[in-house]
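The chains carry the letters A, B and C, assigned in the order they are written, with residues numbered from 1 in each.
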Amino acid sequence: MREGFSAINPYWDKDFFQFFSVFFSRLFYLLTGQLSLTDLASDEVQVFVLALVAISCGLLGVFLVLRKITMLANSLSHTILLGIVLAFVITRSLATYAGEEFSINFEILLIAALISAFLTTLFTQFLTHTVHLQEDASIGLVFTSLFAFGVVLVTSLSRSSHIGIEAVMGNVDALHVTDLKLIGLVTLINALAFSVFFKEFQLTSFDSVLATSLGISAKFFNYLIMVLVAMTSIGAFRAVGVLLVLSFLVAPAISARLLTNNLKTLLFLACSLGLFCSLCGVALSRHILSFYHIPLSTAGIVVTLMTLCYTLILVAKKTLKLAAKKRRA
Amino acid sequence: MNEEILHIENLSVNYDKTAVLWDISLSVPGGKLIGIIGPNGAGKSTLLKASMGLVSPITGKVEFYGKPFKKVRDRIAYVPQRSSVDWDFPVTVFDVVLMGIYGKLGFFKWPKLAHKEAAKQALEKVGMLAFAGRQISQLSSGQQQRVFIARALLQEADVYLLDEPFAGVDMATEKTIITLLDKLKAEGKTIFVVHHDLTCVDKYFDWVIMLNTCLIASGPVEDVFHAENLMRTYGKSAILLDEAAKLSQTKSAGL
Amino acid sequence: MNYSLFDFFTDPVFRAPTIGSMLMCLASSLIGVLVFIRRRSLLGEALSHATYPGVVISLVIMSLYFPDSEEKAALGILIGAFAFAFLGLFVIHQMETKLRVKSDAALCFVLSSFFGLGILIASRIQITHVSWYKKIQLFLYGQSATMTDIHILIYGALSLLIIAFLLLLFRSIKAIYFDVDFTKSLGMRVNFFENMIFLLLVLAICIGIRSVGVVLMSGMLIAPAIGARQYTHKLSLLFVLSGFFGMFSGFFGNYLSVFIPLVLQKEGEKTFSLPTGPMILLFAAFICALSFLVAPHTGLLSRSMRIIQFRRKCVVENALKTLWKKGIGEGAKKQAIFDGLKITRISSFFVLLKLVRQGWVEKLPSKNYQLTPFGFEYASRIVRLHRLWEVYLVSYLGQKVEKVHRNAEEMEHIITPELERELTELLKDPKIDPHKQPIPAKIGEL
């Protein structure tokens, strides 16, 4: 859904603050039923999708950082490209999607996620246990090879490098309401998983040995997290691409860690920071488009904002500490 | 209380390329404070882990009260090594202790007021109640160890398995812990302690298991903890065993 | 379109991409050996992504001020990439040491933030300067097809620089990477060398991203080293093999990225091109996979063969033991020997044939079988090892007499002459085993 006529898009020519007023009023109409999902402007779809990505990644990211497996998440987010391609090949031919429109439905998402998680684990285990290769090299070799294979496959099958590039950058402008529904489902699953199994995730992240002895299988929750990462990456695939998902996973989590020592607050803050940056990012993108007539990458803006968030919180914390020290001295 | 609490038969466990435990068979009666001693890499921690099914043995079986660990999980509490955990984790002392009942709770249920009161009592027993709200990153190693033990106490088990509880811990904490363990023993519990060196073995324990990949001895301290067995456990003679074990491993890996 | 392999080196269109890629991959695979040994391959991943904003910014600047100069563009991009990768290295270090962020989170943060910044800046010119944007995109997955001779010069010179450094520092590298404590005690400036290596790593990455691309660079750093590691653990050989694997991958990756689209092309379809990076990496991964299988010592094929050979040896030795117990004289019936082995009748039959053929066993006129003198020596040794081991387990490790037989059955096939010597010495050459049976004397004292 590329930028339509200016008359149709209510955000046309709006600046940063006007964006918010239009957005919240339309949000109100949406919630009271006066507006339906199909009436949503592309900006709103972007906000909702990015917000949902932020929430999913906020929840997941905190545990990835605490379990020190963010690199594994990076690895998995690359392998999903191959998973997606294979899922398409299994369910229908990719060649018919050589054009710009190819959307992922839930069935494909699930198959792709399972394939990716399975392939990544299979090959990495094979390398570490049978070939006795060290862990960092196994991860590095497996995901780059599988990703390379995915790129070659998708470029050959669709006869263009378009999808390959999109895989890395996303294409926020091409987001549909269907993408919204998909990421909505993924976020629901993540929210359910982390609320229902909160104490199990907490325990297996803190003391996996004790967990297993208590009958809570650390292996199961490990695998569950991997599948959730794969699903979330695929859901976020069209919006931000495989690499920027990592930013959504890591930046809010480490920023939130600077602010609190309570796990539940951590989760809340990580989601909130991601949400805030997403909202501001789309607003900023619209503002720059309206005033300077430059279309920038919304995903890039959001990631840069999240990086700034971390830096600002860090600086603020250090300054407060210094000020406190000076007061005491 | 002289029923057989722990029964191990022909247990052999491998890690990577070396045999860590080799053909262990022993039986231990209940109501005792048992020390597991041996040099580094002798398989002491592995013995505990294999008993709980945390590592899979190549052969052999382990039974508590005549049943595999999974069936009697509720009666056994495990205290892992302090180093197995990241103490920067965002969680308070109280939270850690409360984790002890997550297993009994099962999925979909949350700790109730009664559990929280019990957690407070457990902290009281180890003298850490004042620290309940503190972040675990601010604890000393002795305090960390006491929190771990409080967590185990919450499980109200009959058998306790402690992995190197006295390593790197100050004298006051060591005294607190051993007093607590004696109290538990007086209540009829059975306690296994992987001990990291030879200090106070005859003072603390009434039964000792001496390990160096294979079982050197298992029995009452007076009978078994003597120079000859110590030589076998810590002496050079076991080096040949390690060499042989390594050879065996490389042969079966085809290297 | 018939090109011979030589054309790739001589044809003015092909030679720059080919030779350029080969040189770039050589540089990265050499540094990659060190990255691999130090287990920092994920650092390579973070740094290669960190170069992206540098590439974007320099390309824009170079295209603005020096629009016609290829060398200046290439150099500018190198400098930009280097600067940002170096900045990334600095940030990672700060986060790990001063900010108490765990290593993996620091790497992923730098990776994604820098890359996101690059994407943001690149989007600025996406529509306004399409040709510049396309050039930037080449750096994502690598595209060496548009390289010229100038690139060969620049990248070649830099690769030679890296090789020169590695040669000069070879001894120090060997010492430092294999024994940090030792060299520290000698007062060598370990940190200085580590920093040098980091700089060379950043340089190698900046060189390599034109061919392999930002996204896949980290794989290309370690894949050749992983392959080489299957053949040796000597540092010098690792460098040599890794370099060769890297160059092969560089060459064939390029070749395949041109060749495969040609093959897949059908009549009337629009032409498409494959980026070179994925093909180079896939070829390197293929070399790894092949090495995992066929490498002489560690390869799976040879390991499987050795396992089979060992099992056969055990069966042979068990047969010999059975015969030894019957003693010299009347020998043993076929069936008695078969009973001692736990394999099928047919296999036992062949084993017996092999024993006769190899001269360990002979067939008596009475249709029984017995050991030849050579066979007797061999069998005695096996029995000796078995009983020696039992003595060791009982006397030295306090094992119960009933338990030791099973383990000795296993160890008798494994104990080496050196271990036998040590056992004899430790046990003071015992003559009787725990089951009160005599231990055969040591044969053939050297």
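Following the convention adopted for this analysis, contacts are C-beta pairs under 8 Å (C-beta built on N, C-alpha and C of every residue); 3 or more make two chains touch, one makes a residue touch a chain.
Fair warning: this is a prediction, and the values are worked out from it, not measured in the lab.
Trainee: Per the definition at the top, count C-beta pairs in contact and tell me whether A-C or A-B has more.
Mentor: So, comparing the two chain pairs, more contacts are at A-C.
Trainee: Just to be sure I understand: the centre of a chain is the mean of its C-alpha atoms, right? Then which chain's centre is nearest the mean of all of them?
Mentor: That would be C.
Trainee: Please tell me the distance, in whole Å, between the geometric centres of chain A and chain B computed from their C-alpha atoms.
Mentor: 41
Trainee: What is the distance in Å between the mean C-alpha positions of chain A and chain C?
Mentor: For chain A versus chain C, the centre distance works out to 34 Å.
Trainee: Which positions in chain B touch two or more other chains at once?
Mentor: none
Trainee: Mind pulling the chain A residues that touch 2 or more other chains?
Mentor: Within chain A, residues 68 contact more than one other chain.
Trainee: Name the residues of chain C that each touch 2 or more other chains.
Mentor: 298
Trainee: Along chain C, where are the residues that touch chain B in the complex?
Mentor: Touch list, chain C to chain B: 100, 297-298, 302-307, 310, 389, 392-393, 396-399, 403, 406-407, 410-411, 414-416, 419, 422-423, 426.
Trainee: Hey, which residues of chain C end up touching chain A in the complex?
Mentor: Of all residues in chain C, those touching chain A are 36, 39-42, 44-45, 49, 99, 101-102, 104-105, 107-109, 111-113, 115-124, 126-128, 137, 140-141, 215-216, 218-220, 222-223, 226, 229-230, 260-261, 264, 269-270, 272-275, 277-279, 281-282, 285, 288, 292, 298, 300.
Trainee: What part of chain A is in contact with chain B in the complex they form?
Mentor: 66, 68, 196-197, 199-200, 202-203, 205-207, 209-216, 257, 260-263, 266
Trainee: Could you pull out which chain A residues touch chain C in their complex?
Mentor: 65, 68-71, 73-74, 130-131, 133-134, 136-137, 139-141, 143-145, 147-149, 151-152, 155-156, 159-161, 164-165, 168-169, 243-244, 246-247, 249-251, 253-254, 294-297, 299-304, 306-307, 310, 314
Trainee: Please give the residue numbers of chain B that touch chain A in the complex, ascending.
Mentor: Interface residues on the chain B side: 49, 52, 54, 70, 73, 76, 78, 80, 84-86, 89-91, 95-96, 99, 102-103, 105, 107-108, 110, 135, 151.
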